[in-house]
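Look for subunit A in each of the two complexes below; its partner is subunit B in the first and subunit C in the second.
Up next is the complex of A and B:
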């Protein structure tokens, strides 16, 4: 049955471009249009994903139950120590609280949690209604902080104040408060780096730590994968910040440069090409010739190891076409290169929260005819994947069933994946996953056989 | 008195690992069961995205839900403009035959009058006959369970009209699996009983693979059928735990005089008998031999596994209606439900359980509006050796080493939640087998080492 109508939404025009066709600048970084079925989550979500990997913190959601319920332990961030972050705490606001205010409940919640867990750090996330009923998070947190002699930091993440990027910003503001040294403390710089924008999904940050350790470079702290209170407090000591997930961390890095004179460097550990380039960049930025030599040795050894594996996949995958729809721009950019490494061209690419300069990079990287979209919806994804003849889609949980219903292969590039996609190990996993989904025998059953069409003679 | 009357006052200030979701989630699920329907969540962007993600992961289906994407302006000046735009855009892209609008904490707190807004919208668009169903579902107003039934009631209130009597039985179901719905329909069909089942998401949320893909799925309760429910022969509603204000069957009885048979979900022998006998009594139809044989096979299986089952001390958690159904199966088979819990409001459930447990061998802990921290503590006190409920119960496995039989919604860490069959004689047998086999698996896994420890090593 053909569909009755597939209308196009006029407001969406500026957010969709085809490389080589239109010279216009892609619109991005604005609020989603109503009724467009955006794939984006909210401000709270943005803040929570950034802060949640801090392992020894209590993450307390001040709001109704849903916000905490939908975010309980759904992320694959791993910890080498505390497990407190894997709980979802909520003040579970009810109708009376909305009428009379939730301040008392929040204070009582913090008191109760401190009695049970004795944490050093509590993040209190604001949700939509808290922004409307006007609970004074700032003063409640301040009072609790003094009472328990710990850090209680409000996160201004009411859902309506912007999109997911506003949540990244809110998380950054909270992190800046956390790492601010006490007045009597003098920061002594060490020859170390902070690693920003890796959430240690399936141990990804550990993989990168191992590389840097082999190069003789000290990691001060990672924002925020497998981090904890004590380590984060010492963040200003680092000499350099390297940023993987730029969307969530660029603002924080800029602020840290301003406040603590820490320069930053954008890197990416997705794919062989970007991983190798990033390791070199780090060694150069640290002005460390010794580290550069070690980086070269590491790159050579690892590339040799994984190149043969990846080559075998490339032969099987060559000529396939990929569509990408992910959260941030940095990931999208790396994926284009990563697909090239295995012989796959990108025919459609989009992000939820990409920035202007990231879209420019994307446009420069992709071939003519590639469709580029910001804040896309299922109807657009479907239309352009079909038009462009994509064989697979990279995306998150919500996009997966769409690809499957279209009979299309799919790569999970989301926060709850259980295998690392970073570094040389990740490059192999990525190629393997692409192979696993594209070359699965199930696709054959979709286009052969059938019932009710008579019986073929069997010999 | 079955209840041990546990004091659980601390969770009133803080909910630690939620055992329920919020109202609009239930609203979306119910509306997905109406033919050619689309849903708009009136609130900030994140709500719809979180719920879509949760539903998509459980059903492995694309779940397109619109949002009015309220931003700061909409929150201050009202969301009418956003909601109208959302209606326009959703109509353009999806061309639905009905639109359901569920509200959120934000929309309710700022006092949105969605009935007025949608009424005016339809006049302005000259579509006064177009059905828009509105439901006030603030997240702080209740759980997804209440949201689901309130939405079903609102569907009837806004769509059902006075019609002449027909010979169909209205079947109103709770949030059971698509496989469960198909089983109920199979029973109705084998008994040759005309029916209207509402809401019917057996096809819409468990779509067969077909080409080409359509944005709107086939199936769902037909609008024409809902309109005629006021003239039904009778209503059989699986909603014994419902309070009057969210009771759709009671609405039909009060407004249209349709006799209501409010019965438990047909899980277990007694409750399935009740369902089939009720059908037979209302219609005068004979019970076919095939159902008799299914019943006999269930009894035979219950005897086969009764000794293994008697070793079970279980915890049951989830939505009240499902919890009651599971408890019945456990009680019929000697798996003692020592902990019975729901995150939803559950006064009615509690009364039913107190009655059901009156002759029980031991006392049970009944936890209402609870969270997983409390369920875990109760499990440890009661020496629980098996848990039954949605996949969030993996927390009990991880922290308490309690094996989990996954059932209900949501199931996120295994495939096939939509295909789990647990109603009727066949479904009861399948669930009971899963419970028995889980107990056996643990027994076989541990008995060698535990006997060795007890009689050899420590002798």
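Up next is the complex of A and C:
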């Protein structure tokens, strides 16, 4: 048996807290330690996940092949129209390009793509190497834009300039360029809202669209789930922005308020409680009494429909403990409440890129003794999940096999989710997924002492 | 409509890549390093690279993949990554306690010119611990090149010729294959009663059993002592030229170990060749059990040959695997009409002999005129298929878009397979692996025949 490694480097101390034990402020939003097995990604990753759901765009990665290979159609965001975004485009830079610059190749690649596809929009993503060799993306994109009479927008996403959050920012800058109206265009406001920070994973945005439609509220465009060029161009027309994924969209919302006088509202459609509160908030913010009445009717109808189902799961899951390790703080907060709805306590919670104020909210929400950690590594996750006796981990791709190896149930709350987890339907799916994994008979096959020597089910 | 590929083939001069059939060097280096016992692969570059590689490998193997990163910042890119790497070496041994830290570079650190070997020399490494490295610029070659470079680094850092007489043992470099394949190659060698050292060996690492505990380092992997002792073996076999020949060449240069480069033993001919080399070099007889296995394979090949004969196939993937598959399919009477790898290196007329030459040589005399390409992409493959349709597509998961668009039966072989499980546990090499391939191919073809048959043509016995 290999030696256990659960050491915690002193440098990491400040990033881990236990509620009730110490009054320290959690450190976050800093660079990871060199040499760590970090679960974090890079700037390009952040930018790509935000922009990728734009369905009719060519997403051209300027760099060696890897960055394009690893992000080929991994987002799991669904489209009701174009499918161009599900292809992988790269300039596939070679040694010669690194020495002499990749500008020519980029221009040629754009020309080549325009011959094959009738795209109105190309995003050109900068990768680490482009940041170093110094290709002037700005002027190349501008020239290509004029030549083909389409929008060619650079995304400044060189991997090393920060972490995933910096990529969200880079994506926001590119989106701001995209939605900027042409000089001769006058924006006429309509009585509609933009829905920010839903990437339509497993069709989640469609659920929310449906609710708002029932309330008589028009969705102008969603950033960026199932969105397309024409719709995004009209984004400034909206009267209100609502934000689901705050980590990726708060900056964009702030800018849109400044530039287009669109106020924004943070909402969450994870869990029954948050979904109901969010629908009410939206109706109130729109100053629409009629919508509020309809929201109440919708909430009442949907709550009644799902409550008995949730209750049956709550009885089965009572006393189970969950650990959470997700990308952003806002999702983590919603998850705490959502677990409470199904009778589960959160005993460990961490994020890759949570912000200070989000960690404060988390600390207020959780029970004493809950471990809170920022930018955790697998050894830390293992140690605290085991120490706290978690039955279930919520995480992404890399955390899944870790949980399984520990004999622990798992649900994906990231790109690999298979069912929509938003809204009332999502609350039911969530409860069902949690139940399916925690109460699966497979855990009973785990033999801890050798074959025939006692079988133990942790679930 | 998921099919965005136009049928009309136009000359592509841009050199850009649409729907790649390869990925970058570092992930190959990371996978190879996982095949050393108690080794932590380390990615010297931005956080994202390491994260992507771990994610991709995790999706393929469905096992935890551990690797650390230098976590580059803007500062390190301007001033060099030396400080990051030194801190990394210290932190890795302090926190994660591996026996070996295997560093690979990335396009970023190659471009800014970090001199990794000098940095390692000046770093403090505890007694009994080892740091090795490979240069793996992402803008050269592919993941196969990265695998080859890291395997070569194992030889250059670790292997030594210490015995005066070479030992009666064989080194086997299995190439970028699944742990199931590595197990099968070891089983064949064991049943020949020959002592072997396989490196890298990811069996028992990325297919580790569930015990209810998470161990940073699984039980598998080649030990440092074994890799060191590889310098004393009398023979090395590289299985697959692209992924493995550099390592055995270096072993020959450095430690005077004779080297033999064979195809990845996919199918009857390549497996025969592998066993023949073992038999001749160690004067061993082929045991009865392997004769039986071979006989069973031939039996099944004859039982089913009429299902396969004349069927057109498109194959893509990594060069060593595609070469082996092509040979096997030809032996079944199938017709590979499109054969493509994303890995560059060895286009026709290069000195070292090439992927394209290898395939064309196999096709010579068969009367098959095929499209054969290295450094290709799946856009090209899709266009070929649109212009000359096939009965079967073989390749990694990314083939599913083409299979769907063209409504072609599809079997998943190679790396990565992200949408099916179990594949990495079971072999495609050896006689048993060939049986498995036949089962996969006939199931795909016959399921299609059943699906498409009209009521009057629908048959019970096929």
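Convention: the second predicted complex is superposed on the first by the 441 of 459 C-alpha atoms of A that agree within 3 Å, B and C clash if a C-alpha of one lies under 4 Å from a C-alpha of the other, contacts with A are read in each partner's own complex, and residues count from 1 in each chain.
Quick note on the criterion: a residue touches a chain if its C-beta (ideal position, glycine included) is under 8 Å from a C-beta of that chain, and two chains touch if they have at least 3 such contacts.
Treat the numbers as computed from the prediction; the structure is a model and nothing was measured.
When both complexes are superposed on subunit A, subunit B and subunit C end up clashing with one another. Residue contacts after overlaying the shared chain place A:43 against subunit B and subunit C alike. Judged by the touch definition given at the top, the superposed model places A:84 against subunit C, while subunit B stays out of reach.
In the superposed model, A:31 lies in contact with both subunit B and subunit C. By the document's definition of touching, neither partner reaches A:176: not subunit B, not subunit C. Shared interface residues of subunit A, touching subunit B in one complex and subunit C in the other, are 1-5, 7-9, 11, 31-45, 60, 63-72, 87-95, 97-98, 105, 108-109, 112-113, 127-129, 131-133, 159-163, 377-379, 382, 397-398, 400-402, 404-407, 446. Partner subunit B is touched in their complex by these residues of subunit A: 1-9, 11, 31-45, 60, 63-74, 87-95, 97-98, 105, 108-109, 112-113, 127-129, 131-133, 159-163, 377-379, 382, 396-398, 400-402, 404-407, 446. Residues 1-5, 7-9, 11, 31-45, 60, 63-72, 83-84, 86-95, 97-98, 105, 108-109, 111-113, 115-117, 127-129, 131-133, 159-163, 377-379, 382, 397-398, 400-402, 404-407, 446, 448, 456, 458 of subunit A are the ones that touch subunit C when the two sit in their complex. Subunit C contributes residues 1-2, 4, 6, 10, 12-20, 22-24, 26-27, 38, 40, 42, 45-56, 58-59, 62-74, 76-77, 83-85, 87-92, 94-97, 106-108, 111-112, 137-140, 142, 208, 210-219, 398, 401 to its touches with subunit A in the complex. The part of subunit B that touches subunit A in the complex is made up of residues 10-18, 20-22, 24-25, 40, 43-54, 56-57, 59-72, 74-75, 82-83, 85-95, 104-106, 109-110, 138-141, 143, 207, 209, 211-216, 218, 343, 373, 392, 395, 412.
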